[in-house]
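Questions regarding the structure given below will be posed in turn.
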Amino acid sequence: MAADPRFFRAGAALTLAEAAAAAGGELVGGDPAQRVTGVGPLHEAGPDAVSFLDNRRYLPQLAGTKAAAVVIAKDFAARVPEDVAAIVTANPYLGFGRVARALFPAPAPRPGIHPTAVVDASATVGEGVEIGPYAVVEAGAEIGAGCVIGPHAVVGAGVVLGEGCRIGAHASLSHCVAGRLVVLHPGARVGQEGFGFAVTPEGRFETMPQLGRVLLGDAVEVGANACIDRGSQGDTVLGAGTRLDNLVQIGHNVRTGRACVLVSQVGVSGSTTLGDGVQMGGQAGTTGHIAIGDRAQIAAQSGVMSDVAAGEVVGGSPAWPLRETLRAFATLRKLAAKPATRG
Amino acid sequence: MAADPRFFRAGAALTLAEAAAAAGGELVGGDPAQRVTGVGPLHEAGPDAVSFLDNRRYLPQLAGTKAAAVVIAKDFAARVPEDVAAIVTANPYLGFGRVARALFPAPAPRPGIHPTAVVDASATVGEGVEIGPYAVVEAGAEIGAGCVIGPHAVVGAGVVLGEGCRIGAHASLSHCVAGRLVVLHPGARVGQEGFGFAVTPEGRFETMPQLGRVLLGDAVEVGANACIDRGSQGDTVLGAGTRLDNLVQIGHNVRTGRACVLVSQVGVSGSTTLGDGVQMGGQAGTTGHIAIGDRAQIAAQSGVMSDVAAGEVVGGSPAWPLRETLRAFATLRKLAAKPATRG
Amino acid sequence: MAADPRFFRAGAALTLAEAAAAAGGELVGGDPAQRVTGVGPLHEAGPDAVSFLDNRRYLPQLAGTKAAAVVIAKDFAARVPEDVAAIVTANPYLGFGRVARALFPAPAPRPGIHPTAVVDASATVGEGVEIGPYAVVEAGAEIGAGCVIGPHAVVGAGVVLGEGCRIGAHASLSHCVAGRLVVLHPGARVGQEGFGFAVTPEGRFETMPQLGRVLLGDAVEVGANACIDRGSQGDTVLGAGTRLDNLVQIGHNVRTGRACVLVSQVGVSGSTTLGDGVQMGGQAGTTGHIAIGDRAQIAAQSGVMSDVAAGEVVGGSPAWPLRETLRAFATLRKLAAKPATRG
């Protein structure tokens, strides 16, 4: 299956030799001169397409694939069918992605400001920026060269975007300083007031002034409809390369290191800090004011109530070391299987 | 209580005989010629309104209701107060809905393109389409007859909408082909890039080209601020009639069958497949690359880590058969009640 | 650290005496005439700034703070370093907030309707209202005096906003009557159709007319991308002062009392009622049609399946009294630590 031309403009076809080169892999079997024009999953890819295998789960599909070539690790190369070429590489997923990118180059910005966009006279807009219909760029904002601002996006007063950022449709930013190559997907909310209030003696809630910012490192990506509140006095900080999936919540004053990965619907409460390379599975959450160490891994749906050491792997709600949690549930299951009277 | 005329335009009044006919039920007691103009819950409905009972929990309210008539199942009909009519039907909730719809017909589209809407010259717009203020319809999009595109909605390049779709305010679509009568509620995000990236040998994240689409079957409904990512190579597919509540997350390459029901804040991870009629309770989640069988039921807040057979009912995180999970927690509770020393 | 002047306009400096007065506290140590211009956390605040201590966790930072003054409770005042002034008050967090507000007054509305805003001729707009670029105010809407309507916000037909409401960028309202000083953060969705449908004998889903409203009490705040569905026949009601964090879901016909606090990603299912002062931690959820009593506390990630009595503290999924849940998990952990054969 080639990508739908309604939505994706194909570049030039590649020979298998070129595809192997793009993948940084070795072509085994197949005709180096054979042309491929698309990519697809094993069960859908046709003789004009390249596929990949990165998960044993799909070995059965490998046996039946009609792909021209499969990007694959050395260990599985022997399992590729007779009439299918193998592109052997240590990192099939990365290699496959590079073949796909070579076949379907990312659309370049179309420099220019749509006539319906409202760009304040005091805003500065860099070289080659594309600003879409009904986008709003407020006073004093700075848009770096090569940025693409989607339809209806709102870049608030004073916001700074580095070079090559992509801001999706309906995304909003305020009180934010972003580095280069930052990506906000549609509907992402960055820089709004955090959830901070004090209780008066009369029992009324009084909003605490939220006087901090959001600092986004280079190449940070923020998923659709995800939310990042600005700091209350200090800043909310996402380290370079950190990626948030859709509907993730980042409370005020949260700080993450570089290259953290927060899967969809994760929630990080205010003033919690994450080290470098922390990974949180979908729907996991943390309480506020705790510290998660470098490269810690938080299983999906975990509820982290206290500090997690560097490299630790935790799960469950409340979260314990994942091994203990799994053992505990196995034990519980065994107990529950016994006659209730023995419970 | 009649619906607030600020927001709802009432149609003609109905007689109880007409109401019973609309409900597909039998009028028992009451004057067939009595007129009703509204609907309401048992405790609020007045003598000009129709109510219903569908949940034993509300039997106490039935006793005190002032409604003109109550749409109700045979078994409970005897519990309707003396001076209140009963409209007896096998499906009171459905019957009540049809009475309500007869009293308050859905507003028809107001055909026309608002002068502030930006519709690309290459887009095709069907008969009787309503396009609201500041809506954006990009190049090559196809809007079927009778569609309503809300204020600020963005229909991306090449997107196809079948007849009679309703796109809410601020919703965005890209890389999507939708059938007939599809509904997106406000802020829904459809077709954006999925959460896919490879790690380079240097430890940098490299985005995988997301070259698939989102295919929405007829009458699919997507809740407010819900997100559906497009496929990475294959497509993300929601079967006809499937309904997503607000803030639901659908990862790339997910495929559902027909008439699935995903309650608010559910998350389905990438490449997981759901059969027909699967139901997931609020805040439940699944890991990626698994298969949920037809008519399986996933309890609220469950965490599904492996395949679920057709018709199975699971709960807990990690999810087990719901009966076992409930028994396990009952056992645990009993154990915890004992002196800790006995633990 | 003073607040970034890119984003925050400072008012006049304060003397420590004035700061103490604003905090409603007593100045202990330090020069009453010393001027302060900013606020910050203990580890960042410099000699021109005021900080606060409200959490023992930060006592180590207190020892090293360079702040001019620290707003602090009596018990900890002795721990303030020699050369730092203490502003002693019973409620340091509130006091600190008032100092911050005195230094950084909230920006006043800039009355006027942006030329790109679309305001229906039949809408009424009060004194001193600010309506931003591309905002849409539909037929019959009433905007109270001093409201600020953000860029791209959509105020639906007939919606009523009391005085001094702030509607964030891209927020949408329909079928809603709001009191005074209501705040919607960016992307909040209020008043859309609830998740209600009946199943026809043929197994098709048929949408139930959603004929209720959303009633928001005075000073209700709704977080970014949070969703509140309108009632199906009755209304969805949030009591005065109630605050929803980002990405919270409120189902149709939910009713809350006054001053409830729902932390990020909480979900409250349809027709559930909350009393006054109910607090729900992040990612907690409730099933539908239950009652949560006044001042009940629901721990983060809890799953509440049945009524909760006034003042009760529950946790876990399914939720039990929090003490029992914690004891149960402690017991389980002990069991799991034993040799599996003993399980």
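We just call them A, B and C in the order they show up, numbering each chain from 1.
By definition in this document, a contact is a pair of C-beta atoms (placed from the backbone, for glycine too) under 8 Å apart; a residue touches a chain by one contact, two chains touch by 3 or more.
No experiment lies behind these values; they were computed from the predicted model shown.
Undergrad: Could you name all chains that are in contact with subunit A and with subunit B at the same time?
TA: Intersection of subunit A and subunit B contact lists gives C.
Undergrad: Give a one-word verdict, same or different, on whether subunit B and subunit C use largely identical residue numbers at their interface, taking over half shared as same.
TA: Different: when the shared numbers are divided by all numbers used, the fraction is under half.
Undergrad: Please compute the angle of the rotation superposing subunit A on subunit C (C-alpha atoms), rounded to a multiple of 5 degrees.
TA: Resulting rotation angle: about 120 degrees.
Undergrad: Rounded to a whole Å, what is the gap between the Cα centroids of subunit B and subunit C?
TA: The computed centroid separation for subunit B versus subunit C comes out at 27 Å.
Undergrad: By the touch rule stated above, which residues of subunit C touch at least two different other chains?
TA: 134, 152, 170, 187, 225, 247, 265, 283, 301, 317, 332, 335
Undergrad: Could you list, by residue number, the parts of subunit B that touch subunit A in their complex?
TA: 118, 134, 136, 140, 152, 154, 156-158, 160, 170, 172, 174-175, 177, 187, 189, 192-193, 195, 197-201, 203-209, 211-213, 225, 227, 229, 233-234, 247, 249, 251, 253, 265, 267, 269, 283, 285, 287, 289, 301, 303, 317-318, 320, 324, 327-328, 330-332, 334-335
Undergrad: Enumerate the contact residues on subunit C facing subunit A in the complex.
TA: Going by the criterion above, the answer is residues 1, 3-4, 6-8, 39-41, 44-45, 51, 55, 57, 91, 93-94, 96-98, 100-101, 104, 106, 114, 116, 132-134, 150-152, 168-170, 185-187, 219, 221, 223-225, 241, 243, 245-247, 259, 261, 263-265, 282-283, 300-301, 317, 329, 332-333, 335-337, 340, 343.
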